[in-house]
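When the chains are written out, they are named A, B, C, D, E and F in that same order, and each has its own residue count from 1.
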Amino acid sequence: MMETIGPALVAICLLIGAIFTLVAGIGLLKLNDSMTRLHAPTKVGTVGVGAMLLASMIHSFVLGHESYHELLIMAFLFVTAPISANFIAKVQLHKRNCDAPPLPPRDDTWSTYDVPEFDRHHEELEEFSEPKAN
Amino acid sequence: MSLFLLVALPFLGALLPGLMNSAGRQACAGVTFTVTLAAFIGLLTNLPAVWAGEVVTARALWLPELGLNFTLMLDGLGFFFAFLILGIGLLIIAYGRAYLSRDDNMGEFFTYLLLFQGAMVGIVMSDNILLLLVFWELTSLSSFLLIGYWKHLPEGRQGARMALTVTGMGGLAMIGGMLILGQIAGSYDLSVILQNRELIQESPLYLPALILILLGCFTKSAQFPFHFWLPHAMAAPTPVSAYLHSATMVKAGIFLMARLWPVLSGTPEWFMIVTTAGLITMVLGAVIALFKHDLKALLAFSTVSHLGLITMLLGTGTAFGVLAAMFHILNHAMFKAALFMSAGIVDHEAKTRDIRLLGGLRKLMPITFVIATLAALSMAGIPFLNGFLSKEMMLKEADYTVLYGTPWLVAGLATLGSLFSAAYCFRFISHTFLGEVRDDYPAKPHDPPSGMWLPPAILVSLVVIIGCAPFLAEPTIYKVTEAVLAGVKETPDYHFKLWHGLVPALFMSMIAVVGGFLLLMVFKPLLKTWENTPRPEAKVIFEALIEAIASLARTTTHGLHNGAFSRYGAVFSVAVIGASYYAWTTGTLSSPTRKMQTAEPVMWAGWLMLVAATGALVFFHRNRLLALVLIGIVGLMVSVGFVFFSAPDLAMTQLTVEVVTIILLLLALNFLPNRTPKESSVLLRTRDGIIAVAGGLAATAMAYHFLLRDAVATPISEFHLANSYKGGGGTNVVNVILVDFRGFDTFGEIIVLGIAALLIYALTETLLNSSVRAKLLNRKPDQPRAGDMHPTMMVVLTRVMMPVVLLVGFYIFLRGHNEPGGGFISGLVVSIAVVMQYMASGFNWTTSRLRYPYHGVIGAGVLIAGLTGIGSWFVAKPFLTSDFTYVRIPPFQEFELATAALFDLGVFLAVVGAVMLSLESFSRLAYRPGAEQSDHPMDIDPSRDDPPPLPPKAGRVSTEGA
Amino acid sequence: MLSKAYRWLLPHPFLTLLLAVVWTLLQNDISAGMIVFGLILGIIIPLLTQLWWPDRPHGLNLGKFISYALLVMWDILVANVQVAWIVLTKPNSKLKPAWVVVPLELRQPEAITILAGTITLTPGTVSADLSSEGHSLLVHALDAEDPDAVRDEIKSRYEARLLEIFK
Amino acid sequence: MELLVATAIGIMTAAGLYLVMRLRSFPVILGIALLTYAVNVFLFASGRLSVGAPPILRDGVEVYADPLPQALVLTAIVISFGMTAVVVMIALGAYLGSSDDSVNDAETDEDETEGAT
Amino acid sequence: MSEMPAFLEYTLIFTFVVVALSQIMAMIRLVIGPDTGDRILALDTMVVNAIGLIVLLGIAQGIQIYFEVSLIIAMLGFVSTVAYARFVLRGDIIE
Amino acid sequence: MTHWLIAPVILPAMLAPFIVLAARYHIGIQRVFSVAGVLMQIAIALGLAWQASDGTVTLYQLGDWAAPFGIVLVGDRLSTLMVLLTATLALFVLLYAIGSGWDNRGRHFHALYQFQLMGIMGAFLTGDLFNLFVFFEVLLIASYGLMIHAGGKARLKAGVQYVLFNLLGSTLFLFALGAIYAETGTLNMADLAERVALVDPSETVGIRLAATLLLLVFAIKAALVPLHFWLPSSYAEAPAPVAALFAIMTKVGAYAIIRVYTLVFSPEVEVTAGLHGTWLLPAALVSLAIGMIGVLGAKKLDRLVAYSVIGSMGMVMVAISIFTQVSISAALYYIVHSTLAGAALFLIADLTRAGRAHLNLTLAPPIAGAALTSAMFFVAAIAMAGLPPLSGFLGKLMLLNAAFETPAMAWVFAVVLISSLISVVGFARAGSVMYWKAKSVEPEPLQDGQEAPEAPSILSYVSVGGLIGMLALYTAFAGYTHDYMTATSKQLFAPEPYISTVVDTPGKLTRDKVTKEAKDAE
């Protein structure tokens, strides 16, 4: 059973992985807005590699030496991806590479723009510390 | 007295004046005199043997294999010179005691003097030409110290350096000459060399040896064109001048020419070179001396002239010449020492040596007048004084000598020299002592205390005695001459007497004296002409030459080592590429032994990525952050390549190291500029590009070459593969090599890491204790900063991830011996886990909660690794001998216990400690006082603004379960 | 007393469990020995690092958390296809990216983080930033005709559930 | 395959050398890092190239990649890591002391030798 | 390559090519930027793709020992992304 | 099994972390341990040298693995001699560092010092090329730490260049090792010597590249022109005791060249014939010239000394490149001499600093303790310039004597003698300005609160005096030492016992096999 279905499953997972990985690449290259670009790889890419990891896991069962390792890597990727995305988004916000976001309803500003007093004086551009959209 | 003691006495004695310095000036001079006297008496004890024609010897081995031994000999020649050196030395010491002023450091002076004396005695007693060289150079060095004794006077320093430079040059040339001479003769022992006249003179190396040795002699004895240093040595205190010029230093060259006379002389080369140099020196020295106004300068050039005379006599190559030379050496030593001392007395008393300010001293200092006049007349060649005798012999020899096929040349020039010689002697007497007493002397002169006039008086009485009774000196000079000739030539049949009949020499002598007198008559117009004649000033030329050389050296040195690392790098690359190219092209090449493996598409893709990233890195290297990202990609692709080519351990190490490196570089970049300015010109970049491409091609060629060929024999790794499990207890062969087969490498490696961390820590401390600290504290960020230092999401994730990563690190550590992993990677992984915590909640918050003594961790790591190695000593095995066993404790599966794991633990600890200490140090640099140190792990935590769900300390006390 | 010892030994029981699971997965071997060893490590490591996680999350409901996790996984699968479709087919000009501001009811950092992570992993949204006091979440939507609808869905589909998990 | 590896080594070497000859410490350090990559790959390649044969002993497997160069490269990587950390620190120290991150050290001692007189 | 059905082998090669392509696209984004954020994003993508490549290698060679490498890449990729971003945001990455 | 051979490496390797762990904040304790360690080193080194003096080759198999599979340490006359030299130098330099207070001007001096010794000792003792690399790195990284000890703008700037250049060197070393392993499949030097014989004469490119790269690596260490650029500023800017210790570091390069080129790529080996012969001698002569020109051209006293080190290495390399038994023994004699003399000069330059704001060769008020310092300078300069009666002169004679065997004799004579003269002039000018001319300057009156410059401590003088005393002894007993060098050179030129000791001694697994076979035979 495993001998016949297994490779097929592996192949399917690989194909899914391949497609998603490709989409991640295309998205990264094609999309022209920096915040929009963020969407493609952080999700699609993760799923793409996830599918390949699944393929690898199934493949190990096919070969007869079971492996669960891949789950760990998958979990790892999935847990860290949002944090990476969050940091990159913060970078884009900080560098003003996107439309200015609306102000938060309850607090003064977004945390990226909430620059502590002692950090506001840098060498060249003082006004940079304040969000220019506001 | 043993010759060893004789030579050693002055050197050993040289220690005393310095030590006695505090005991007073009298003690200082006394001890010096005593030492010299002892040596002098010691010398005399050898007189009977030497007189009997024996050669007294003493040998001790020093460097037998090289042929440099402490072999001394004392024959007639040596005795003669040693007698002069020590005898006149005694007088000089007595004179010097009276001469030196209270401000002069007497201990220092007499130390140098004794050193010099010892060196001179050594020269004349050496039976080994290499040993002679040693003493030879020692005279240069000690005379350097003597001449420069008055350090505050620029003339002293310049004169000393000039003397050292010129005589040093000669000495070095002589090293070459002596080595060649010894090589020809097959021995460096004089006694052997002197037996090999034919061998030496027929050797093709004779001429180079001769020239090099003569360079030494001429420079030392101030022969033209090296005569110029001697007058400048006058800057020394007068006792030194008297000593150097009469009996010692300058006679060394003469001595050596005499010493080697049997083997070197008699060839046309010798004759031409030596005689010519001597003649020119004699005349030139005499002419210049006439026009010198400084008494000592006048005497100095007279010395030059007389040395030329002696040289000329040795150059003729006849036995009579030698005889005359030896006699003149004796005579010259006496009158010249006396003259210098007299000049010194005048200087000491009248406070000037300028002959133009003097005159009429006859009445004020009659004793000095008598002494100086007798000595000067002897030098002028006036009968009944010893100078007359030897000068006449010289003229006789000159008369017989034919140079350049011109019979009258030597005779004419010799007469001319004598004429000028007589003239300056007369000038010396008349312009100093005769005439009216003046009233404008810088000081009122009178005769000095007996301590100063007695020594010259003794000498002058000898001058007169020999002058009147020449037969007294005859046996001695004959003994000496015999010793010089060494059987090569017959000793001449000639007797020292005042009257030889109306021989040509007598007429020449008369011409000289009368001519000298006439010359003095017309001195004033002559001086005017002399002063208006443009002539090369040797000192100026020499100094310009030295300055030019020094300036060239400066330019070369600083032009070459201009501090430009970029150029050093280029030179390095070119040198390596060039040498490799040479090695390649001179080797042989046959066809490959391995087949090229096909490259799959994925390989191509990887290659493309790597090349693209590398290219982009070069292209964008000025944008530092981008460059950092790109180098990360290069590293990533290299790691993937390692995985592809079956090296998982390598890939993991590469990756972890790279991330830590990037973190370090980012930490550094925080302080450094973010962009590199464009500075190098297109030309420079082209040059660098060409070098780089050449280097790349070389590396490619070499790698390609080896990749397609097998090693000449089975690689030793076969053994490692075969014995990894059996002998090392692990299946990951790479790890077994690291912790067992080549554990010593790994031991060194962790020490490197440990040192790196200590260094970084130490430098941080140093920087923070320096002015840099203020600079750092006042630093303004060079880019706008965002808010939210410790983002909430990151902190929360880290709380979960950090323990997981630690677990992974532990896992990798345990696995290392059998699967990819090990202490090193594990250490880096654990470090990265801690770094995550640092990045999330900040350095201060993190360390304030858990401060690891990273120093201790490093130390412990190295100690554990080392002690594991030492542990094997207790079972009588070498360092790092491993052992392992398999253990089973339920419910766990059987597992392995290996000493290698303990070693790996050391590695782990050292790595963690090193990485963390380094990061910590960087963070300490970045500390800014303005930044408020949060008490919270994250900046934004809405749970804080609500009423806390549990009492503050509930974390520990609450009884509620989760 | 016992619970005191329990709290001392297990400052973060879920972490202990997580570590044991990770250890088993790492070893690729589900045997008694491995699980025991994993638990031992799961106890030791949190003890070593607990000072860095001083206050433990309270009131976590494990059962609801698991169902939430399954929901998110399903959403991820579906969403990814949607995003892939958008990326591949929609020209850049037709995309309507938008900022979405999500006011937060959640207070615990752990909960907020899970919400933000969920948002990022699910269709067409990325959590970009938190407001300066942590009361709103800034979300970027890839293609949103109606940002308010996106906000409402986030609040109802995920935040509501998380509020239940983290009581 | 061999050619690809050889050229990769060459290209990294060339790029490394070029950067090493730059004027500021940061690119020079990057250049050294590239050279380190190049030499590590070269040293690794001295065991020749084998695909799919990691030197981890398994029953029934006879062919393994040469483990020794791997161990050597591992040591080399670690050492060069230490070295890089150190050079970064020293370069940083030099920069902080003089506000100049040039690797070239133009001699600044103003006092010229007046010559020994 | 270990023994496997032909279709799987082709799929594998296809996947390799696709991942490599994606990698190259990310690389292009990395080089063209335009801003640091995009570059960090591209790098993050490349790291994830590298894991994919290594997983594929494991499948192709039938060897499981590349797991640790993948795991480490996953961990490190995350850490370096955060480090880069923190650098842009704050200058000092572990303040 | 005796473990003495590894003791020179292990002792500092254990002592250093101990100092870091236990005595990090107590300079006094650090000093005691550091000095005690060095004294023990000397004792051990004497024992090892005594053991090797009858020609015995001692082998130490690390991990009990037989060569070439494991790493071995080999003690022969040469390596033990170098160990003894290092230990002796280390003592005097350490005393100076303590006496002058240099060790307390930054952190971790003593730990780094011990690590430095460990690296040097390991480099001298190891019989394995890669292990040699590792020890090179240990000694280098420790040297980086010591070089920038106490910090300062100029020192750090020079430190950057020093480190960067050596990183290039380390990279090159790895290229060389890769080539060696790729060509021969081994790393052990003795084994390499045997395998070089297997190289196919029709395929010599590989081994020639390997040999050349290796030589270049060692040439960098030996500061051979044009690979010497790292030396002048780093030695000049390094703290004086460090620069003094560094006097042995260039010798590591010379040692390695002698070792590898007598043992492995000896002149008789066909496949590498003519490799070093072509350009090593010219390069050495140029080094000698450049170094001595630098002595004359230097603007500062410390640089002058650094250039003299380059020059002295030129001398050593000239002797090596002639490559006869006689010339190698001259090289060995000169190595010991120039190490001691160079170290003494660096320390004297530091003594000169007392009371002087700078070491520029320009006029400045007299220094504190001038008489003794200038006397020491005079003696050390004589030694370095190769004037009689000190060992420099003897070394020069030996070298020139050896030069009769080379066709380039005239060149050797000319360059050696002329460069000697240049250095004499250089030293004389420098000494005259520093110590004599200063007497013509009135010291500036002290300002309020300004303390008169303190004369260097007695311990400083004692340690410099010790070095000079060593030079004097070395000169006086030149016969014995030269005999020792000749015997050492002979041993190097007949490497068969070395090779057989290393390669034929059984190790862990093979030994079991041997005993088992012996049992079977019974």
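In this section, a residue touches a chain if its C-beta (ideal position, glycine included) is under 8 Å from a C-beta of that chain, and two chains touch if they have at least 3 such contacts.
Quick caveat: nothing in here was measured; it's all calculated off a predicted structure.
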Joint neighbours of chain E and chain C, given as chain labels: A, B
Both-way neighbours, i.e. chains that touch chain E and touch chain D: B
Steps needed, at fewest, to go from chain B to chain F via touching chains: 1
Most widely separated chain from chain B, with each centre as the mean of CA atoms: C
Identity of the chain that, by mean CA position, is farthest from chain D: C
Separation of chain A from chain F, taking each centre as the mean of its C-alpha atoms, in whole Å: 55
Rounded Å distance, chain A centre to chain B centre (Cα mean): 65
Distance between chain centroids, defined by C-alpha means - chain E, chain F (Å): 48
Cα-centroid distance, chain C relative to chain D, in whole angstrom: 42
Residue numbers of chain B (touch at least two other chains): 154, 157, 161, 550, 554, 558, 563, 565, 569, 628, 644, 648, 669, 699, 702, 706, 715-717, 720, 741-742, 745, 749, 752, 755-756, 759, 763, 766-767, 770, 781-783, 785-789, 791, 793-794, 797, 800, 808, 819-820, 928, 931, 940
Interface hub residues of chain C, defined as touching at least two other chains: 22, 26, 116-117, 127, 129-130, 132-135
Per-residue multi-chain contacts in chain E, two or more chains: 21, 23-24, 36, 40, 56, 62, 65, 71, 75, 82, 86, 88-89
Chain E-touching residues of chain B, taken from the complex the two chains share: 600-602, 605-606, 608-609, 612-613, 616, 620, 625-626, 628-630, 632-633, 636, 639-640, 643-644, 648, 651-652, 655-656, 658-659, 662-663, 666-667, 669-670, 781-783, 785-786, 788-789, 794, 805, 808, 812, 815, 819-821, 825, 829, 832, 835-836, 838-839, 842-843, 919, 923, 926, 928, 931
Contact footprint of chain B on chain E as seen in their complex: 13, 16-17, 20-21, 23-24, 27, 30-31, 33, 36, 39-40, 43, 46-47, 50, 53-54, 56-57, 65-66, 68-69, 71-73, 75-76, 79-80, 82-84, 86-95
Contacting residues of chain F [partner chain D, same complex]: 130, 133-134, 137, 140-141, 144-145, 148, 151-153, 156-161, 163-164, 167-168, 170-171, 174-175, 177-179, 181-182, 187, 233, 299-300, 358, 360-363, 429-430, 432-433, 437
Contact footprint of chain E on chain A as seen in their complex: 7, 10-11, 14-15, 17-19, 21-22, 24-26, 28-29, 34, 37-38, 41-42, 45-46, 48-49, 52-53, 55-56, 59-60, 63, 65, 67, 69-70, 72-73, 76-77, 80, 83-84, 87-88, 90-92, 94-95, 97, 112
Residues of chain B that touch chain F when the two form their complex: 61-66, 68, 130, 133-138, 140-141, 144-145, 148, 151-154, 156-157, 160-161, 164-165, 168-169, 171-173, 175-176, 179, 183, 546, 549-550, 552-558, 560-561, 563, 565, 568-569, 571-572, 575-576, 579-580, 582-584, 586-590, 699, 702, 705-706, 709, 711-717, 719-720, 723, 726-727, 740-745, 747-749, 751-752, 754-756, 758-759, 761-763, 765-767, 770, 855-856, 858-860, 862-863, 866-867, 869-870, 872-873, 876-882
